[in-house]
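Next come two complexes built around chain A: one with chain B, the other with chain C.
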Partner chain A sequence: MLLRIKKHPIIDFKDSERISFYFNDTKLHGFKGDSIASALHAAGIKKLTTSLKYDRPRGFFCGIGKCSSCLMKVNKVPNVRTCIAPLNNGIRVETQEKLADWPDVEFKSKSKETANVDILVVGAGPAGLCASLEAAGQGASVLLVDENQTVGGQLVKQTHKFFGSKQEKAGTRGIQIAIDLENDLKKFEQNGKIKVMMDSTAIGYYEGDKEKQHKFAVVKREVYENTLYEVNCRAAIFACGAMENMLLFPGNDLPGVYGAGAVQTLMNVFGVKPGKKVIMVGAGNVGLIVSYQLLQAGIEVDRVVEAMPQIGGYHVHAAKLRRCGVPILTSHSIKEVYGNGKVEGAVIVKLDNNWQPVKGSEEKINCDTICLAVGLTPSTRFLYQVGAEMEFIPEAGGYVALHDDSMHTTIKGIYVAGDSSGIEEASTAMIEGKIAGLSAAISLGYKKKGDSSLKKQHMGELDRLRAGPFGEKPRIGKHKISKLLGKRHV
Partner chain B sequence: MKKSAIVCRCEDITEEEVLKAIEEGYTDLEELRKKLRIGMGPCQGRVCVQIVIKILEKKTGKKVSKISIPTSRPPIIPVPLGTLASDKDEK
Partner chain C sequence: MSSHEKTGVLSTKDLKLPSKEHLEKGVAIIECIQEIPCDPCVASCPVNAISMKNINALPVVDFEKCIGCGKCVGFCPGLAIFVIKSRDDKALITLPYEFLPVPEVGDTVKALDRWGNIRCDGTIKQVLKKGKTMVITVEVRTDLAMEIRNIRVYA
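The block that comes next holds the complex of A and B.
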């Protein structure tokens, strides 16, 4: 129980219903609302699986169902992503050694269902939620699909207040924005315009009649029983977010090396401390904000190391950390992480002007958690499948689908919004979502008076948000995207 | 095992293995995938592809935009076969 957060200045972790479950025959308990992995973590179990060739211990890295390092056997069903699977009473969780055993279980899949909607929205984070609301507001029918148990995407762990102007919810905490959007969503659920499918994943694209209709397969998980949905839609909006970047250093796969998002999920969603002493890698906004959130959760942050010669994030955040006595070391990096079965310490090293380690500058530090905040890569696997034209745009964080200023890709009826379209902020993701939702609905004939001025207003908000010095990177990225699109489609 | 960073967590591929394969002449993502199974595990390349792109760029001098990404196919997450094979609702 040592790893449960008791006191928190912002979040009130109320005691919820106690749930007991088995981990390899040991009876443990967690709380309602836990994921399997968060309950295991709170019980001190970080090793979830063993690696395929070298028998290395593995725990989850991303904590949001993307890295697949958390696969375990649950009630005999192998390959369950335990970081996003809900904890239920009496379940049996077992480690699966390397490849899963031949499953000794009857898979109770229900009959296939069909859903016909105007617009499919993949991802219920800030972009997907806003896209759904805007499209439904125009009168289109929407199916919103998300892998998690609750809507909000990464907003549900953003305990800090947002920057920007009032219009874009500045001064409001991300967790509150998620609640506001969820309330708006409920109104549309009641009038039947939006159908929400949580704990569900869009797993594949199957060419319908591309001109008029798109066909997707979606799997809905219900207490380990799945339903396969054939979804036919006239337009689809991909708001799938992003994946945390991994760094290369020996020991980078040890349990206890987490992405910053995973650390936030553990402490701000589940109320579980990721560890006792953390080294943060990366002094961009994510690294700085998460470091401060770690302190708020009562966890020691030993130091922040940043490979660049200067701090990347807002100086307000950096100053806050320094006031709390956390040193931020620029031109420093992780050389190696060591430990027997889990993180026990790290060696950090100074870098010279050519990014090379300075000999003799190594320092060994004891710690149990390494948090990587070294950027994100847009989640775009689906856009490849659909056949959208992709380009590598470094300022956008990697390969992205080319899209116009209505967020429309090169495939008719396929839109993109938020981090999937280029790494940026939650505030811009929300507006991109609105633009995508509005544009998709209009293209299907759901028009209203004042549509074009509303769209212009959204675009104006985007420009304002990107106007500052920290908006430079996305501004360049988005400019490159539209330039490339123009070149290809003159 | 020598101290080496892990590139692909699913298939347990180290940085050393990737570098060796590049030296042997496997110089794009598709070839490396076929040689080492990089990106073919349950995460479908979500962790490793961006790392391998960086290694390839550094080792071969190729422009990232010239390194093509492996094909993405359904299903994008592990799904029990029973689910994929579930039949039409007979009501």
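The block that comes next holds the complex of A and C.
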């Protein structure tokens, strides 16, 4: 219970039902609302699996279902992503053998279901939610699919107040924006325009008649029993978000090395502390914001190290951390992390002007948690399968689908929005979602008066948010994308 | 490169400072020195003392108009606005606070500067709630009016 956050200045953690489960035959307790991984973590279990080749202990890294370092066997179903799988009463969680058993319980004697809709939206984060709302507002029928238990994507852990303009909810905390969007969504669920499928994964693309229709397979989980859906849609919007980057150094796979966003999820969504003492790697906005939120959860942040010679995130985020007494060391990086089966400390080193470690500058620091905030990579694998033209755009964070200013890719009826179309902010993701949702609906014939001026308004707002010096990177990224698109499709 | 880009800590040289008269009246100082897309402070001001050319421009406080009410302190998403009112030997610093425990009026707390160093004791004079952000006024030595930017409260 030591790792449970009791009181928090921003979040009201509500008491929930205490439930029991088994971990390798040991009876443990957690709470309703926990993920399996958060309950295990709160019970002091950080090692969830072992690496395939060298048997090294592994804990979760991303905490949002994107990496595979938390796979366990649950009620005999192998390869369950325990970071997003809900904890249920009486379940049996086991560390799995290297090659998981044949999943004979998974699709046992079940027939598939079929869903026919105008637009499939994959991902219920800020971009996917806004895309669904906008498309449904035009009159299109929408199926919104997301892997998590609740809508909101990564908004549900953003306890800080958002920047941006008043129209895009500036000054409102991310957690509140998630609630507001969910309430808007409920109205469309009631009138049947949007169907929401949570705890569900779009797993494959099956070419229908590409000119008229797309076919996708979606798996809906029900307490580790799955139902397969055939989804036929006329358009699809991919708002799949992004995945945190790993950094190369010895010991980077020890349990206790997490993506900063994973720690944010653990403490702000599940109310579980990652550990006692943290070193944050990376002084971009994610590193600075999560460091501050660690302090708010009552966790010590020893320091923030940043390889660049200057702080990358907003000054105001750095300033609120500094005035709490947390040092930010620029031109410093992590040399290695050590520990027996879990993180016990790290060696920090100074970097010279050529990014080389300065000999003799090593400092050994005892700590139990390392957070990596070293950038994000767009989640785009599905778009490859669909056949969209992909290109590596460094400013967008990696490979992205080429898209026009309506967020339309090179495949008819396939759209992208948010981080999966290029790493940026939640505020711009929401606007991109609106543009994608509106464009998709209009293309299917759901036209209303004032559509074109509404679209222009959204586009103008995007330009406005990207106009400053911090908007340079996405600005360049999006420019490159449209230039490449023009070259290929003259 | 300015030193704050390395340290995350501003010096008074990075800021446009109010005159002695303005400080006696009490005015808002916005410690926001980068062009970031953000503008809630402008709308929060009841006397239109805060202006911005566009959403990415730096906010500018008209110290003549500012009445030092502190409304903007609780609005700023960057927690970067402070109201400073300094008298002969005491200064009142109004700052945003998002930690537990929340102090009560009359409590003695530690007053910290932009580096997070404890500089003196402070006395809590006012505690207001703006959503989950507490807007707290602490009284400190006048010579530290431009230094103190945080408090630490011990349970």
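As a convention for this text, the second predicted complex is superposed on the first by the 481 of 490 C-alpha atoms of A that agree within 3 Å, B and C clash if a C-alpha of one lies under 4 Å from a C-alpha of the other, contacts with A are read in each partner's own complex, and residues count from 1 in each chain.
Criterion: a contact is a pair of C-beta atoms (placed from the backbone, for glycine too) under 8 Å apart; a residue touches a chain by one contact, two chains touch by 3 or more.
Note that the coordinates shown come from a computational prediction; the quantities given were computed from them, not determined experimentally.
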On the A-aligned overlay, A:H315 touches which partner chain: chain B = first, chain C = second, or both, or neither? second
A:L52 in the overlay: touching chain B, chain C, both, or neither? Say first, second, both or neither. first
Quick one: classify A:E189 as touching chain B (first), chain C (second), both or neither. neither
Give one of first, second, both or neither to describe whether A:S68 is in contact with chain B, with chain C, with both, or with none. first
Applying the document's definition of touch, where does A:T330 land relative to chain B and chain C: first, second, both, or neither? second
Look at A:G468 in the shared chain and tell me whether it touches chain B only, chain C only, both, or neither; answer first, second, both or neither. second
Tell me which partner A:D451 touches in the superposition: chain B (first), chain C (second), both or neither. neither
Thinking of the overlay built on chain A, is A:R81 touched by chain B (first), by chain C (second), by both, or by neither? first
Which partner reaches more residues of chain A (counting touched residues only), chain B or chain C: B
Contact set on chain A toward chain B in their complex: 51-54, 56, 58, 61-62, 65-69, 71, 77, 79, 81, 103, 107-114, 201-206, 217, 219, 226-228, 243, 245-246, 248-253, 336, 377, 379, 381-382, 384-385, 390-392, 394, 398-399
For the chain B and chain A complex, residues of the former touching the latter: 1, 3-7, 9-12, 15, 41-48, 50-51, 53, 64-65, 67, 69, 71-90
So in the complex, which bits of chain C are touching chain A? 1, 4-10, 31-40, 43, 54-56, 75, 77-80, 98-100, 102, 112-117, 131-133, 149-150
List the residues on chain A that touch chain C in their complex, please. 7-10, 160-166, 170-171, 173, 283, 295-296, 298, 309-311, 314-326, 328, 330, 427, 464-471
